[in-house]
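So, here come the structures, one by one.
Shared between the two complexes below is subunit A, which has subunit B as its partner in the first and subunit C in the second.
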Partner chain A sequence: MGENKKYPFHETFLKKEWSYSTGAVLLAILALALVTVTGSAWGVTGAFVMWGGKFLQLVGINADTWKGFNGALAKYNFWKDQPAITDTGIVVGALISVLLAAQFKIKKIKSSKNVWAAILGGLCMGIGARLALGCNIGSFFSALPAFSLHGWLFWISIFSGAAVGSQLLKKYFM
Partner chain B sequence: MAEQTLDCLGEACPVPLVKTQKALEKMAVGDVLIVDIDHSCAMKNVPDWARSAGHNVEIEEVGEGEWNIIIEKTK
Partner chain C sequence: MSDSTASTIRRTSSKPKETPEQRARKRKKQLTAGTILVVLVILLGLFIQTQNPKGAFIWIIGIALGYTLQRSRFCFTAAMRDPVLTGGTDLTKAVIMAIALSSLGYMALQMKLTGLSLENLGSETLLDASKLPGNIRAAGVQTIIGGFIFGIGAVIAGGCASGTLMRMGEGFMQQWIAIIFFVAGSVIGAVLLPIFQASPILYQKAPIYLPQLLGGWVPAIIVQFGLLFAIYVLADWYGKKKSGEL
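Entry: the complex of A and B
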């Protein structure tokens, strides 16, 4: 602990977690800036659909003829896709932040149970996010400031889902 | 004054917190629980909960991205 005190700026701004209010204010400012610059609200999972489609094309399945894509894959440009850029930014930003805090660590996988939970959980989240036409960012964070009712419906649904999820977690992971 | 270590390395929230709560329940007043974590969210919610429950808490950074949360049960 004593060693850290030598670098008060590093300790306060890069190592210690910021308060919820600091995060909220920054998120609001950045989300507003994103809408102003790109013309569309912040979203995350829309890009995954396109990447998934591109991957299918790569392995020889022409997903572009599917109704959901209908030629969108041929026109897709990563650098013009707002979610694709912000998604990349989130991952790169998280890496920079953890490196600056000197907290980077490759974690050991504790059990095969954790692996299955990650795979199944990821699939459920992906399918759920697509059925809901967005995740907690596109369908919640970006919906509420636009006074859209679907954000509130999403909020109720996600809390019910989380309640069920925590019970499953308690039952199988404790 | 028993001392016990709880290995929560590789566990994500809220598993470390629930495991800590369960382990402390079984311990006697004055006992010390050392929780090993490498999940930065647990570094916030485990001490936050333990302090709000009135226990003495200390956090030690033992390596890059790895912490020991030392909790002394006070009641």
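Entry: the complex of A and C
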């Protein structure tokens, strides 16, 4: 505790964790500012599809002719893609946050279970987000408050999925 | 002193405790790196602005979202998972709060365009609700299937879309693997979606806008905020019951 007192400014402004309510209010304000200024709501996974398609093109598979892309890859520009910019921003913003709090630490993978969890979990999220036309942001945080029924449906289904996921997590990945 | 308990739980390492000198050095290094990163972020912002007229603004919002998510340990996955896994509902309540606040904002933005009695909806300038601010998208069986699969994935991977990105920044190697497969899964999903869209049972293409469905802004507001309030009260009660306060 003596160390904390040595740097009162750092402790108060950079290291102290914020409450969930603070987070909730700020997230709402930031997301609203984004949609008000740009006209398009906060989204995350729309960019992931394009990055995947671009990667396929890079290794010589022209996914652009597939129905799911339909020529979108040829027109794609990373710096004009709002989700691509905010996605990068979230990674960097979180990194700035932990560095300024002097809490950065590489968290290594402890077992092969974690690798499988990341692989299967990542695949499920990717597939699910495409089918639902968005993730917990695009089909929930930017949809439910916009009075879209699909946001409510997504909430019910992600909640049920999370309940099943919790059982799987306890059984196989912990 | 909940901060110090939280950090000991998070960092259970078998390594010997670092000396005060080591800690001071580490802190100096990280603060320097953080400061350099802030400068780089500003420079990159200037570059993005040359590529996209609103680029710098979008970039700063993204940075602020990441900073906020990390500082407040805000996690949508935990908000969905914890009621089942641990019985905790603090994050669930915070998510409901964020949603209710956002609803107020969207209501203002949308009302300006639709008119108070939705008179502009269906006009030449505002053909349908999907043109309004916010994601008003097709609602149907695909949403339920997609959301369900997404929920399973988010809990297993230990982070949803925003959470995965945030944890990448925090230094979690598991999320750096997850993102690769998240991208791969997105491509698989993009291939599957047209197959779903071809089936009238699996895919309903109409976006459903609550003020339109319920016949006006007043019932929509009552339903939206009424449901959010009811779920909040339920989450609060459930959380207290599980923690033994009731």
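As a convention for this text, the second predicted complex is superposed on the first by the 172 of 174 C-alpha atoms of A that agree within 3 Å, B and C clash if a C-alpha of one lies under 4 Å from a C-alpha of the other, contacts with A are read in each partner's own complex, and residues count from 1 in each chain.
In the analysis below, a residue touches a chain if its C-beta (ideal position, glycine included) is under 8 Å from a C-beta of that chain, and two chains touch if they have at least 3 such contacts.
For clarity, every value in this text was computed on a predicted model and none was experimentally measured.
Chemist: So, does A:Leu32 touch the first partner subunit B, the second partner subunit C, both, or neither?
Modeler: A:Leu32: touches subunit C, not subunit B.
Chemist: Please indicate which partner A:Ile96 is in contact with in the superposed arrangement: first for subunit B, second for subunit C, both, or neither.
Modeler: Only subunit C; A:Ile96 stays clear of subunit B.
Chemist: Touching A:Thr86 in the superposition: subunit B (first), subunit C (second), both, neither?
Modeler: second
Chemist: Quick check for you: in the superposed arrangement, does A:Leu169 touch first (subunit B), second (subunit C), both or neither?
Modeler: A:Leu169 contacts both subunit B and subunit C.
Chemist: Based on the superposed arrangement, let me know which partner A:Ser157 touches: subunit B (first), subunit C (second), both, or neither?
Modeler: A:Ser157: touches subunit C, not subunit B.
Chemist: Of the two partners subunit B and subunit C, which one touches more residues belonging to subunit A?
Modeler: Touching more residues of subunit A than the other partner does is C.
Chemist: Applying the touch criterion given at the start, work out whether A:Val49 contacts subunit B, subunit C, both or neither, answering first, second, both or neither.
Modeler: Only subunit C; A:Val49 stays clear of subunit B.
Chemist: Per the contact definition in the header, classify A:Lys108: touching subunit B only (first), subunit C only (second), both, or neither.
Modeler: A:Lys108: touches subunit B and subunit C.
Chemist: Output the subunit A positions appearing in both contact lists, the one against subunit B and the one against subunit C.
Modeler: Looking at subunit A, the two contact sets intersect at 17, 98, 102-105, 107-109, 114, 166, 169-170, 173.
Chemist: For subunit A, which residues are in contact with subunit C within the complex?
Modeler: 3, 10, 16-39, 41-45, 48-49, 51-53, 55-56, 63, 66-69, 77, 79-80, 82, 85-100, 102-109, 114-115, 117-166, 168-170, 173
Chemist: Which positions of subunit A touch subunit B when the two form their complex?
Modeler: Checking each residue of subunit A against subunit B gives 1, 17, 98, 102-105, 107-110, 114, 166, 169-170, 173-174.
Chemist: Inside the complex, what are the residues of subunit B that reach subunit A?
Modeler: Touching subunit A from subunit B are residues 9-11, 14-15, 18-19, 22, 38-40, 44, 60-61, 63-66.
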